[in-house]
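Once you scroll down, you'll see the structures, which are given as structure tokens.
Both complexes shown next keep chain A, but they swap its partner, so chain B is in the first and chain C is in the second.
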Partner chain A sequence: MRKNLWGLIPIGIALLVWELFIRLNPHALWPGPGTVFLTFIGLLKSGELGIALFKSSIRVFLGLFLGTSFGFLLGLLMGTRKSVELWLSPLLSILYPIPALGWLPLLILWLGIGEKLPIALIFLCSFFPVLYNTLRGIKEVPQELIWASRVLGASKLRTLLQVVLPLALPNILTGLRLEAGMAWRTVLASEMIAIPSGIGAMMWKAESLMRVDVIIVALGVLGLACFLSERVFIWLENRCLKWKSSWKM
Partner chain B sequence: MKKALLLFMLFPFYLWAQSLKISVEYNVHSLPAYVAFKKGLYEKNGLKVERIDSYITGVALVSAMTKGDVEVAYLCLAPAVLAFSNAGLKIKIVDQTHLYGFSVLVNPERIKNVEDLKREDLRIAVLREGTMSDLLLNYALRKSLLHPQVLKNVRRMNPPLALMALKKGEVDLAFLPEHWGSLAEGWGFRVILSAPHIWPGMPGSVIVVKEELLKKEPSLYERLKGINQASIAFIKKNPQESEKLMLEALTESIPVEVFERGLFLPSQEVIRRAISRCEYREGLEVKKVEEVIQFMNELGYLQKVPRPEELLLKGS
Partner chain C sequence: MEVQLENVENSICKGISLKVKSGEILVIAGRTGAGKTTLLNIIAGLIPYKGRILFDGKVADHLPPEKRQIGYVFQNQLLFPHMKVWENVAFPLKVKGFKGEALKEKVKEALQMMGIGELWDRYPSTLSGGEAQRVALARAIIGMPKLLLLDEPFSKVDLGTAKRLRLHLKKIQREMGITTLFVTHNLQEAFEMGDRIALLEEGRIQQIGTPEELLFSPANCSVSSYFGNPNVFWCLGQKGLSIGVAQVDLGSFSLIVPWSGKRILKVAFFPWNVYLSPDPPPGPKVNRFKGRIESIERVSSLTKVKVQIGKSLITVDMEESNLREMELREGKEVYVIIPLRWIRTFEVEDGV
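Here is the complex of A and B:
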């Protein structure tokens, strides 16, 4: 608890420096923390912020869910079937390094401007990392453990479910945790460019209307959303991997 | 004291010595500025103007103004209000340059008549929030010329991108400033409504000056007003020459956003049609400024609601 309180001090100092700077250089395009806070309350009361956040969250959730599911399934298939891995690896190695936003022009033409676009982008953003982390996780499972499980009479499915997957889980969850923040960044960019709703669209509109206070509120909310998403996955990691602390090979 | 007196006496020459930074929107709304520039009206009135910069939209122009790149702007009323209210830019409106100058452009295969505009599934391209095109769209919604749910299908983009979106079939209609509507008529699209049909008396562009410049040289206000009157009189008296001047200006000074010059260059016929959709007229009414401020406030666009008198100089 005390550790957490220490972390609040730099935030307090940053706010103080911000306020001092604004007081010394007053300008409508540089709102102070007080103005930003009042705007935040106003946006919250009007429901504008809640609706925008809800819409972005749905997109992030759907995109992450689909990307994670497909990435996990294909990673599993590649990790357990050598032929599939050999067959798909070259193609995926070429596609993996392409940043999710690099697909945007192509997706605009293929899917058009609409609700499918941000979901597809987040799908791409999470699919490849989850796939690779699943594959790596499975590959890193010591072969001796798999042999031992099979020698002791476990079926292939049981070995997969009770030996391989639990041991691959840390890698999968780490990939997911890192991609959750990335998904928010991706949804923001796609909403700015293509979709007239959500946090990104709210920021884009505020830029057009020169409402710097609204932009700062949206940035703060985005930062918080990324932070909370990451926290959820850390919590999930801690819960799912409790066994790991007492387990030694 | 003597020094101050000398400076005061020499001050009008300041305007000669330093070139005035004038900027306009890249469309036919800027005609009075170009007429004044090309016919030497600025020089005749003691103002040194070396060139006129053009920006793709009024909002882009206002952004440049906040950075200090522009001193005098010919731009639509709504971005001027935004600059004052939200960006805290200390500006004054000198005069109006025209009314109207906006069109609703449709794909005739998707929209045959005005009644078709009420369909919920229509996809609309419009300039970004806070532009007069955006206000016109909202006005059309208020007058129930469009389906209320159509807002979810609105895409924000600049005029060249809106024309490309129409061409590719990504949108069915667009709210655009002129000459863009008239230009696309040549591509097979149709101007189904013009600003007067939607918003009678819709204010168009105004001349805006930075307050600090007016404080340094108060006569600038009268000079710019006089130049505007002379420009508008010229446009009315010499329509063909004005068309040529406008065509020349739109060909010479092209903003970077106009990504394919060949495709977007207008002909004189296009300019003629576009100019006919603007009503060049000086003399801004206070109640019109008030109406726009109130409308923008109702749309939630304004951080603080200014009184029209704060924006206008006495007698504008």
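Here is the complex of A and C:
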């Protein structure tokens, strides 16, 4: 708790420096922390911020859910079936390095501008990392532990569910934690470019109206959303992987 | 369960045929890389092989590992790191459908039998080598396997713990009557654990027999060399001294040896169990003789000293530093000490 409080001090100092700077250099495009806070309250009261955040969250959640599910299932299939891995690896190796936003022009043409676009982008940005982390996690489980499970009477399926997947979980969760933050960045970009709703669209509209205070509020909310998503996965990791603290594969 | 291997082979094991009697401990001994672990993995159905494996006379080659009713303690224990000790031990029972209190009761019993009840809630990463070994043993036997495979189970624990665990394991094995294959490269362990020993070298079985058969009648030089070229003598006469000990005439000298009451045919002791002293050793003059150093030969890190006592030659293994300290050289007179507890005898019923 005391550690967390220590972390608040730099934030307080940054706000103070910001306020001082604004007072010394007043400018229409440089709102102070007080102004930004009032804008935040106003956006909350009007419901505009809540609706934008809700829409962005739904897109992030759906995209992440679909990308993670498909990535996990294909990773599982490739990790447990050598032939599938050999067959798909070359194709996936070519597709994986393409950044999710690189697909944007194609997706606009294929899916049109609408709800499907950010979800598809987040799907792409989470699918590949989860796939590779699942595959790596499964491959890193020592063969001898799988043998141990089999000779102790467990079928292939039980071994997969009770030994292989729990041991692959650290890799899978690490992938998810990293991609949750990435999903927020992707949704922001797609909303700014193509969708007229959500946090990104709110920022884009604010830019055209020169409402720097709104842009700063949106950035703050985005930062907080990324932070909270990551904390959720860290909490999950700590809860599911108590055993891992001193074990190395 | 009786286990029979018929001409079993893969890239490492070459045409192995052997039979393990129901309830016996067969030690698979051999140097590192001889194929001992591979043989266990073949029997467990973990790696492909040619040939036939029969359990109680029925062909078992088609059975997957989980259907072979095997308990396996791997060299590195291989406890599941994400499960607590009790969950590890419960694993084979959960597979069989045990649940709730009945499951916990059985796990508690198994842990108490191994003397590790207090480890219940610990993760494997927090256990010492000896503790982990006991957990692995508990996990291997809790499912009442018909065949127990042990791959150098005590190689990672200190000598004292290993000795205690060996005794404990042997007691449990006898009580449960599980047919056991015990892999080791440790000669002392092989002699202590095995009802019979199979010596494996370069994937081939060199000899199978009781420890005494391998020691006193090695099938070839390779077997004899594995057992450290022990000093073996024919017994020319014997006289029972009291319960448990007898005096035997070995031609050039006579020894006090352990005795079970039968006729002693041969007597053996290992070169590393014989001591030399340049001066007369203190204490009673039992199993100590004056001799003369015939030759000193250096073999890798050891020095083999051959000592002539009458017409007999005794080989003694020594460290170079001790040899130098005692200023021993060829032709010098020395005292040979053969401790009673390290002497092994090959006894037969009268009339054999």
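To be clear about the criterion, the second predicted complex is superposed on the first by the 243 of 249 C-alpha atoms of A that agree within 3 Å, B and C clash if a C-alpha of one lies under 4 Å from a C-alpha of the other, contacts with A are read in each partner's own complex, and residues count from 1 in each chain.
Here is the rule we go by: a residue touches a chain if its C-beta (ideal position, glycine included) is under 8 Å from a C-beta of that chain, and two chains touch if they have at least 3 such contacts.
Predicted model only: the values in this text are computed from it and were never measured.
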item	value
Partner chain(s) touched by A:P196 [first = chain B, second = chain C, both, neither]	first
Which superposed partner A:W204 touches (first chain B, second chain C, both, neither)	first
First (chain B), second (chain C), both or neither touched by A:I113	first
Which of chain B and chain C A:H27 touches, first, second, both or neither	first
Touching partner for A:N133 - first (chain B), second (chain C), both, neither	neither
In the superposition, chain B vs chain C on chain A residues touched	C
First, second, both or neither for A:T68, with chain B first and chain C second	neither
Partner chain in contact with A:R150 - chain B first, chain C second, else both or neither	second
First (chain B), second (chain C), both or neither touched by A:V163	second
Interfacial residue positions of chain C with respect to chain A in the complex	41, 44-46, 64-66, 68, 70-72, 74, 76, 78, 80-84, 91-92, 95-96, 123-126, 139-140, 143, 149
Sites on chain B touched by chain A in the complex	59, 62-63, 66, 82-83, 86-89, 128-131, 151-152, 154-156, 170, 300-301, 303
Interfacial residue positions of chain A with respect to chain C in the complex	142, 144-145, 147-155, 158, 162-163, 166-167, 241-247
In the complex with chain B, residue positions of chain A that touch it	27-29, 46, 112-113, 194, 196-197, 204-205, 208-211, 213
